[in-house]
Amino acid sequence: MAVLPAHVLFGAAYYHEYTPTYDPELRPDERLKTDLDLMVDANFTVIRVGESVWSTWEPENGRFDLDWLQPVLDGAHERGISVILGTPTYAVPPWLARQYPEITGERRTGERIGWGARQEADFTHPAFRFHAERVIRRIVARYADHPAVIGWQVDNEPGLHLFHNHGVFQRFVDHLREKYGDIETLNRAWGLVYWSHRLSTWADLWTPDGNEQPQYDVAWREFQARQVTEFIGWQADIVREYARPEQFVTTCISYTRNGVEDDEMSDRLDIASGNPYYDMQDGLLLPDPTPDDHEQVWKTTGVWSMYQTADWMFSSRQEPFLVTETNANSIGFCWDNRPGYDGQWRQAAWAHVARGARMIEYWQWQTLRFGAETYWGGVLPHSGQPGRTYAEVARLGAEFDKAGPLVAGLEPDADIAMVYSMPSKWLMQKYPPLSKPDGAPDPASYHRIFDPFYRVPSTRAARSGSCTPGSCTTRAAGGRG
Amino acid sequence: MAVLPAHVLFGAAYYHEYTPTYDPELRPDERLKTDLDLMVDANFTVIRVGESVWSTWEPENGRFDLDWLQPVLDGAHERGISVILGTPTYAVPPWLARQYPEITGERRTGERIGWGARQEADFTHPAFRFHAERVIRRIVARYADHPAVIGWQVDNEPGLHLFHNHGVFQRFVDHLREKYGDIETLNRAWGLVYWSHRLSTWADLWTPDGNEQPQYDVAWREFQARQVTEFIGWQADIVREYARPEQFVTTCISYTRNGVEDDEMSDRLDIASGNPYYDMQDGLLLPDPTPDDHEQVWKTTGVWSMYQTADWMFSSRQEPFLVTETNANSIGFCWDNRPGYDGQWRQAAWAHVARGARMIEYWQWQTLRFGAETYWGGVLPHSGQPGRTYAEVARLGAEFDKAGPLVAGLEPDADIAMVYSMPSKWLMQKYPPLSKPDGAPDPASYHRIFDPFYRVPSTRAARSGSCTPGSCTTRAAGGRG
Amino acid sequence: MAVLPAHVLFGAAYYHEYTPTYDPELRPDERLKTDLDLMVDANFTVIRVGESVWSTWEPENGRFDLDWLQPVLDGAHERGISVILGTPTYAVPPWLARQYPEITGERRTGERIGWGARQEADFTHPAFRFHAERVIRRIVARYADHPAVIGWQVDNEPGLHLFHNHGVFQRFVDHLREKYGDIETLNRAWGLVYWSHRLSTWADLWTPDGNEQPQYDVAWREFQARQVTEFIGWQADIVREYARPEQFVTTCISYTRNGVEDDEMSDRLDIASGNPYYDMQDGLLLPDPTPDDHEQVWKTTGVWSMYQTADWMFSSRQEPFLVTETNANSIGFCWDNRPGYDGQWRQAAWAHVARGARMIEYWQWQTLRFGAETYWGGVLPHSGQPGRTYAEVARLGAEFDKAGPLVAGLEPDADIAMVYSMPSKWLMQKYPPLSKPDGAPDPASYHRIFDPFYRVPSTRAARSGSCTPGSCTTRAAGGRG
């Protein structure tokens, strides 16, 4: 278990490096001071920094610029704000994409993903790893001794894509060879006699693109998840070469990512961390008005779903966990914009703490003025001036300050264990046991089956009219399959 | 016309070769005995074997294993069960896909279909043909004299894809050159003056990928159907070099396949055969509850649709036909699972026989435990133990046994002929004359127009409340356009 | 401003070159006489010719056939019918596509559009330009002095695709380099610090295929529109080298094309021209029954939408304009076929004239018997015999003849200006501020916001029952953003 402060950490992701772009007239040190002072006023105790800007850390191949973060860490430390420092490997600089196009990820064999978003790189490729390792070592060596740094986040929401790159597939074949020993054993285990799929040698294995055999598919998914786990573990081990003993290492998990097996991955880390995003406004009403056929995605809807995500985070290590990101306000694209009602920040944060959250860290301090996420609302709005959201957050900060150690490290008191099976989910994504109303297969089938068991008590209590946020919550903590 | 027994053949597709994978502990000869004895008890008179496992017949390029089928044929013969033996060309072994990747089919020029399903090969490619011919000759030569074998099935449900491979397109150009003689004749016939599409020489013709000219499209579809017909005829001729005179040659047709022109193809065979699949449960109710906008696919819904498919099979040669495959139980993927009500096996089988079926052959004997079709229900369930389905099938077997020659070779008594035009259907798939409710073109337009004429009497009788399965059926047998 | 006759021009697009294909027995000169005489009877004063048949003008690379049009121009002139002659560059001959496949357009980098439709060529490619220029010069030089020719149309409905071809993208980078001067200025302007997108050099810029950065996207769209404008201007300048001073140069604009910026493009021309297509039958009813969520595409629905398109055409140059194409009858594919009610031709034509149309030119004289547009109804039907549509059109022709100069060059009397912003529209297509009912982003958001302001008065008046076509129309003429 990680060494953590005795209180619940409270704060936000902070991108001071965006300030000069926002307003070239403004002196960055003045904005930094304003921001940090506002944070102190809101009882912030933590910020997360540095994980999104490899091209700022290393503007050209081999030319590093590491000093820009120093004033942020110094300013935080002066004010008693702790810092989680991230490695920037999820966002690859354009110069690296240009010099080694072979690292470009492929979602179908031979078809490269376009650049211009994030996580487009085949993170298993040695040319990627070489450069990733170099920038990680530089950053961590530079700042490991800074007294503000309490922990490290390696990468960010890993496992977005399933990569079909040549090297990945060839290592999949090697993995099968090692696991099954000889080809006839694999033929038998996968039932490859069917439709003439018996292999005569390892080189016969087809790529996953057109595969329809379920046995192949589940093995492929397991292998993909293992790649992500290995990558995160590899980063964690590098960081630990430099980190002080009391600093923890984690990553932030988006639990619905295709490539994630949170259980095994969290074993490579000191603490589990997750990024629960949820709809505010009526998405947090009780009784829950969400239709049964609503599909939960990276952002969930319904109070029960927020508890479910919390239990999922807890279950990764059966321990309290960190909320590395959660919505500071309305979250998502411009066509879906629902800022919370007064009090909903409290509702959500206390719910997470009640299920084991040791940190509530908003994404992010200020709403972005450029890029793909300009409608992901921050604690401060586009203008950078405190408003209603800041007031709500500050009110909550004061509560956490008052509660102190009393609420840090709570563990849910569960009467029921629910087994969440990754291989079953993967298989049901390929061959769903449920259909949509129009008869098409429903790739969300696993959750269609799993979720009602989680949701029911809340709904029933709500119907009887006796529901309070405390009493109608299920006590189920997730087990592992 | 094929030489057939005086009774209606009754049986199932049988894959003894899967047994060792199901249960490595079990002695295969014991399971074989159990299976065949159960078949005898159900009055089975026929099984189909061997068509799905090229990689079992030829595990490596040029290494053949032909003996594994011998005990199946011997055991069947001992019990008076006839055998239809299939050529395995629809499922290409991985070693062939690896050694000659140029045989991989393309649905768009230059974009190869992935492997891992079936029928991915451009069956016109010489490298495919060379290997297909060799394995066909080996299998047929080995078993033509076995007394159990009454007929041959070449390939399986041909015509799944329209292939855009280079060789196919070049032969399309050659075909047009032969048909139209000179380029100006083609320019005029296709109206290529429009939008500057006039060709100056044969090499000017564009590939079909982006084509929007209807005249081109219908010629392309005709050419594609001709490829399938030629392939099946080529196989049939090879088989006839070895087959005994009384053995018939057929293929099993999925009548909705894009590449199929059943009329011309059946001319190359001794008897027409089809694979009618239909929804059980309410799919066989009268009055028919199927909504008017239901789209019939490879599996149809509604009693009338089952009769329509039967008449389609009859019309291929205007003769009685074989049902080479039909559902032994619930058919289709795991998200749509509706095993029949008691009596529905009888309802369907007698309907087919009444329209000219000389054989009812279920797909398949036992539900698969692996592969893409593990929810295609068999006569036996996953466990291999007889249950309700077996009992229903056995009951029907006893009825056929009792009816004997009286019901073999019935021909529908049709007052009305309906002309089914393939070129019209193809053109209406590209340029549908009907739209969907949202205004989008409806590629099922041909059947939207054709089917109501077939369906109406049944619906009307049903409404008047006087419907019985016998009296409310239309008498229309399909004609040919 | 172009030199135009004092009356409203009235006519149709005419493709005499299709006649031999329609009926090889018929002497083309006889059909030509029949057609032109029928036009005179309908008071036609203009035809548009020649723009669709590059492969007729130049059947092989460098072999030209320019004389075929002579009898059409002569016959028109003899009857007092003016001619607009088009350059045929929107439809590339197959021989050019074969000889220079590198001109094939790409909608994604490296993925070539198939041939067989139209506008598949990257019109910026020098190999395309070389051949386009040659054929333009030949045609214009040959016919510039013909007394029937009053104007030129260059190309046809340009801007169908956004081209990702290598050359286009490289010139996009050059354009940015010129505009921003140095890379850091671009980094700052586009906020590329976000997600590590900072460029180290111009070669770092990623192609647009996977881009998710809005700043990039709007720059890309502006650049694409500029390509179309430059192409049309380039053609106009070539034509002007030969044209007589009183001849105008225009192109026909489909205002919803992705690549079009009508304002800047029309600055390169002598008059703005557009192709308003609209639904007849209930599409022209008042009160307007069109549901609010109907999406307007290239063909609009609702009387108000027809006025809106007219105002858009007017606003391109804030001047009267030409209707180069409009439906002669039911327009669109075979699955949506709604020929007008009696009187609707008058309703639409007078509406356009009232908003500034100096010409009403139908597309087209006779319904096509081949090709992709065989259900785009002409003044004459497939048979070539005059019918109801001809009678309606002729009635209208007589009215225009009678009205004479009185109605030519009307300008709308607008109380309100509406600003239509192309960059805002482009950005809202990528990141829509509105969602569809199912929560998905709605790329038609810009018009969802813009259109109700245009539509409302008409709807309100209609509801009060006091609506007449004159009184309930908005008076808003489009301004420009």
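A few points about this structure:
Going by the order they are written in, the chains are A, B and C; count residues from 1 in each one.
To be clear about the criterion, a contact is a pair of C-beta atoms (placed from the backbone, for glycine too) under 8 Å apart; a residue touches a chain by one contact, two chains touch by 3 or more.
Note that this is a predicted model, so its numbers are computed, not measured.
With chains as nodes and touching pairs as edges, the resulting graph is complete, every pair of chains being joined.
At the interface between chain A and chain B, two copies of one sequence, fewer than half of the residue numbers in use are shared by both copies. Averaged C-alpha coordinates give centres for chain A and chain B that are 48 Å from one another.
Shown for chain B are the residues that touch two or more other chains, of which there are none. By the touch criterion given at the top, residues 109, 188, 190-201, 203-216, 431-435, 439-442, 445 of chain A touch chain B in their complex. Residue ranges on chain B touching chain A, taken from their complex, read 17-18, 20-21, 24, 52-56, 59-61, 88, 91-95, 97-98, 113-118, 120, 333-336, 368-372, 374.
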